[in-house]
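Below are structures written as structure tokens.
Next come two complexes, and both contain chain A; in the first it sits with chain B, in the second with chain C.
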Partner chain A sequence: MFAAAGFFSSAPVQTALVIAGGAAVVSGAVGVFTIIRGSTFAGHALADVSSAGGAAAFLFGLSPLLGFLGMAAVAAGAMGMAGERRAAERDLLTGIVLGAGLGVTALFLYFDVTSRSTTGAAISVMFGSMFAIPPGMAPLAVSIGAAALVVIGLIYRPLLLSSLDPGLARVRGVPVRLVGGLYLLVLAFAVTLSAMTIGAILSTALLIGPAAAALRLSRRPDFAILLAMAIGIFACFCGIWLAYDSYDWTPGHGWPVSFFIVTIIFVIYLLSGLAR
Partner chain B sequence: MDKPPDALSVAYLNVAFGARRVLQDVSFSLAPGAFCGLIGSNGSGKTTLLRTILGLETPQGGDIRIDGVRHTGRSASIGYVPQKLNIDPDMPIRACDLVELGLTGHRLGLPWPSKARRALVEEMLAAVDATGFAGQRLGSLSGGQLQRVMIAHALIRRPRLLLLDEPLASLDIAAIAGVVAVLRRIATEYGITVLVSAHDMNPLLAAMDRIVYLAHGRAVSGMTGDVVRTEVLSALYGYHIDVIRVHGRVLVIAAGAADELPAVLETHPVHVSAIP
Partner chain C sequence: MFSSFMLNTWIVASMVAVIAGIVGFFVVLRGATFAAHALPLGTFPGAAAASLLGLNPVWGLVVFAGVGVLGISELGRRQRHDVATALTLITLLGLGTLFLSLSSQYSQSVYALLFGEVLGVSRADILPVAVAGGIAAAVILLGFRPLLLSAASPELGAARGVAPRVIELVFLGAVGLATAVALPVVGALLVFSLMVGPAAAARALTARPVLAMAASVVIALGTVWSAIALSFETNWPVGFFVGGLGAGSYALSKTGAAFLNKASRGRTQKTFP
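== the complex of A and B ==
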């Protein structure tokens, strides 16, 4: 079946499967709410801004996971403090914060490249390097994913109602601002795991793509979440396998995992339009 | 035997946003099972009055009582249907899902299946004649169908008072008749007091028992037959209004120019006053 022997026994592959699987599960749950809330741009911006943390972590020799998470949490907090605003005003603020965040990323990556004479950090932060993730990072990644799922499970109904209509949710006694803040926190968790998987720039694909396809194919939000998780896992696992196998296609170097994952997600999204 | 307390009693209510006084000494009361139209032009304070009753705005003065008990915040005894619900047609939220969220949208945890809850949802959908489209996505429903689902959403917690903010706006004639008939039935069969805001009173005339008319922040209330008279409405609207009867039904139409008003008031003095 697998052209590449030793796929499952490879330690880097095992770590990649665990982290990518966790990222797919959390992104599936959070992504559905991100689309229902009309916060796709905010999700993309949060992922991009988190790259500043990843770049800083490389520069100072810290855990990239903690770097991404720290910056994503700061950005999520800033978005939460901005509160409820008109969509145009919200997008404007998000765009400005996104630009500033990417500026900081550029600074850290410049220092990474000039001080270490390597472009590895830039590639890893922006596009991921899944086979280079240290195995010791897996438990922390799983913990972050589990925490995100617990929070989503707890606030599922208030979050769904406030995503549909914040005013209606407020009348029903839902603490809309608190629920929105918790959503941003789990969004930060999701983009952190996605950034580790396919890089900060492409993490939107894992956050939005499977959820968008699932929303097209489902009639219920809970089914959409399960389907988005399944699509994400399928795309990530197939992407990892293809990237592993690609070392035999072009001897000497393999193809990037992130390319395969986002391409599979893109194709699934196109097919979901036909299946509707 | 003691008379039961009013389902809703509003006394000398004052609401201001900064220097702008939106409601001034607004007073009226509604008996249990009453069907009342809250009539006024756009910007007259209808939505502010509803939001204040809901506890979403803080009044500068006055008193609101539900079933004789002073009401200061949000309450499960008030059901609310907002002016509109902006739903993307692609969102996988079915009509029955939204109705269920009326019961459980504020609760923590995942929505595990429950026969009792499902039976209650089905009962509410039947009460508003929405069983036929219970499984359809909200985005695929017509305006009238969506309003019925919203009413079921508000009814499922068995409120004592049902507030609706312009539920007939942008509906066609058939849908308006259907929604009004459902509301009338709810007031009669369930004994729920219904307060419906509208800028056009004609669709409600055949169904409502009472009118609260808002203009320039002040309210006039009375039995429908007392208020819907040429001289009263002309004075309230500041415009010549004709009240005519066609095939046993009452219709209110604007008939003359504003400069005809003094003559109207001279020949038809207004006797309806603000009724606490």
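== the complex of A and C ==
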């Protein structure tokens, strides 16, 4: 089991650990609010839609960061038009935006495949490839994540109040609409960051799984955020280590890291139900 | 465009559109948009799993769809619904990445499974789509009144002897069945666009249930037919046109309804000053 020689000295593994750890920290903080607000679908949809931007950037040879973030910001703006209405209503608009965004993804991927003859584009855009992150991307990704954390920290109390009880927040003078818009923007950036580096699936997994488990273990939001970050980091590091190790299980062919991380998160979620 | 090799495509796509229009009406009414997205997307790796075991891909899709339906309704007992859906989705997709990586020859078909291969429909695809789609549509139509009642007011439905949990399971089962069979033909993402866009547009146009469901079917048919025609002419993927036309028809009927509302209000004010 401990055959994974050279785990910490491998450069791709180092990059993967930094990026995945950073994504887990940001997703933990944003994820707790996402669950309290019932915006799970929006969180998942933004990750999927932002991949359209990734596919477009791939086609035009732009920086993928620009493509992902631009698309996510546009989608968040469209979803924000629903405002603070009923959850079902918000989900409907999210679904419409998602449908249109996926259509655009299909088109750009088609252009990618026909003009650059890369059949793997669909897979790498949907599932990500953690061990193939260019090292230069790490500082940029970390600074975007830090910015997202700072914004969450600045609007922590009004955001919490307006997530739990929008009516009360409005009475207390909180600009609910503005706070909701800011939250959606932070969500878009956090989700995009992880979708770009670790893939759309893991982005949703890290956003929802640890936060859902943490909220079952602790009712206090600040504890839950710390707990969600810890669970996310634990799942990512174990998953990366297992994926690295799996090159020895089936010779010459590693198992996907997404599989390990998602499985660990799901098991932790199931266990968190026993604790209560 | 209407040559013999395209005939199967037109037939299957029309059937899929009718089913999606019928099922989609309740997807929109019950606010189950996320489940309607998660079931097809979580189901698509089932084809890879089945091919790994040497089975017909349809069985893999049916099994994965069944697991998805059970996962959403079981986890939904103790957890809010959107969270349960997300957890089911990521777990299925996590399993999916494993199967996709193990069966390396399958990576070529991922694009087709996600975005559809409408122009490659064979004669053998018609029967399974017709049977399973017919069952899904029949379940929805037979349960029309209880489904409507429990969507409008779960408490009232429960009081009238309609158990919300049973209704939920039957409804998700119909969605899962419809997606499992339509998926290899039109793609995981297309099934979703087709279920949500036209139904949402129809609901913006009218509040009367039967009329809205009929409108949803008509708009879905229109969307699919024009998408295939456009895709045939431009050679662009059909998923792009379905997604775009779905969102477009929703935006159009939303603004149209708002405009009509304003106009009729203006008229009443003139008549009764």
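FYI, the second predicted complex is superposed on the first by the 270 of 276 C-alpha atoms of A that agree within 3 Å, B and C clash if a C-alpha of one lies under 4 Å from a C-alpha of the other, contacts with A are read in each partner's own complex, and residues count from 1 in each chain.
Keep in mind that, in the parts below, a residue touches a chain if its C-beta (ideal position, glycine included) is under 8 Å from a C-beta of that chain, and two chains touch if they have at least 3 such contacts.
Predicted model, so just to flag it, every value in this text is computed and none were measured.
S.K.: Clash or fit: chain B against chain C, after overlaying the two structures on chain A?
M.R.: fit
S.K.: Under the superposition described above, what is the C-alpha centre angle at chain A formed with chain B and chain C, rounded in steps of 10 degrees?
M.R.: In the superposed model, the angle at chain A is 80 degrees.
S.K.: Just checking: does A:F266 make contact with chain B only, chain C only, both, or neither of them? Give me first, second, both or neither.
M.R.: Once the two structures are laid over each other on A, A:F266 reaches chain C alone.
S.K.: Kindly classify A:V150 by the partners it touches after superposition: chain B alone (first), chain C alone (second), both, or neither?
M.R.: In the superposition, A:V150 touches no partner, neither chain B nor chain C.
S.K.: Mind telling me which of the two, chain B or chain C, contacts the most residues of chain A?
M.R.: Of the two chains, more chain A residues are contacted by C.
S.K.: Thinking of the overlay built on chain A, is A:F41 touched by chain B (first), by chain C (second), by both, or by neither?
M.R.: second
S.K.: Rounded to a whole Å, what is the shortest Cα gap between chain B and chain C in the overlaid structures?
M.R.: Result, nearest C-alpha distance in the overlay: 8 Å.
S.K.: List the residues on chain A that touch chain B in their complex, please.
M.R.: For this pair, the touching residues of chain A are 36, 153-158, 160-161, 164-165, 167-174, 215-216, 218-224.
S.K.: Under the definition above, what is the set of chain A residues touching chain C in their complex?
M.R.: Interface residues on chain A, with respect to chain C: 35, 38, 40-41, 43-45, 86-89, 91-92, 94-107, 109-110, 113, 119-120, 122-123, 126-127, 201, 204-205, 208-209, 212, 253, 255-256, 258-259, 261-263, 265-266, 269, 273.
S.K.: Which residues of chain C touch chain A in the complex?
M.R.: Going through chain C, the ones touching chain A are 28, 30-31, 33-34, 36-37, 78-80, 82-83, 85-87, 89-91, 93-95, 97-98, 100-101, 104, 107-108, 110-111, 114-115, 189, 192-193, 196-197, 200, 236-237, 239-244, 246-247, 250.
S.K.: Which bits of chain B are touching chain A when the two form their complex?
M.R.: 54, 56, 74, 76, 78, 80, 82, 85-88, 90-94, 97-98, 101-102, 104-111, 135, 137, 153
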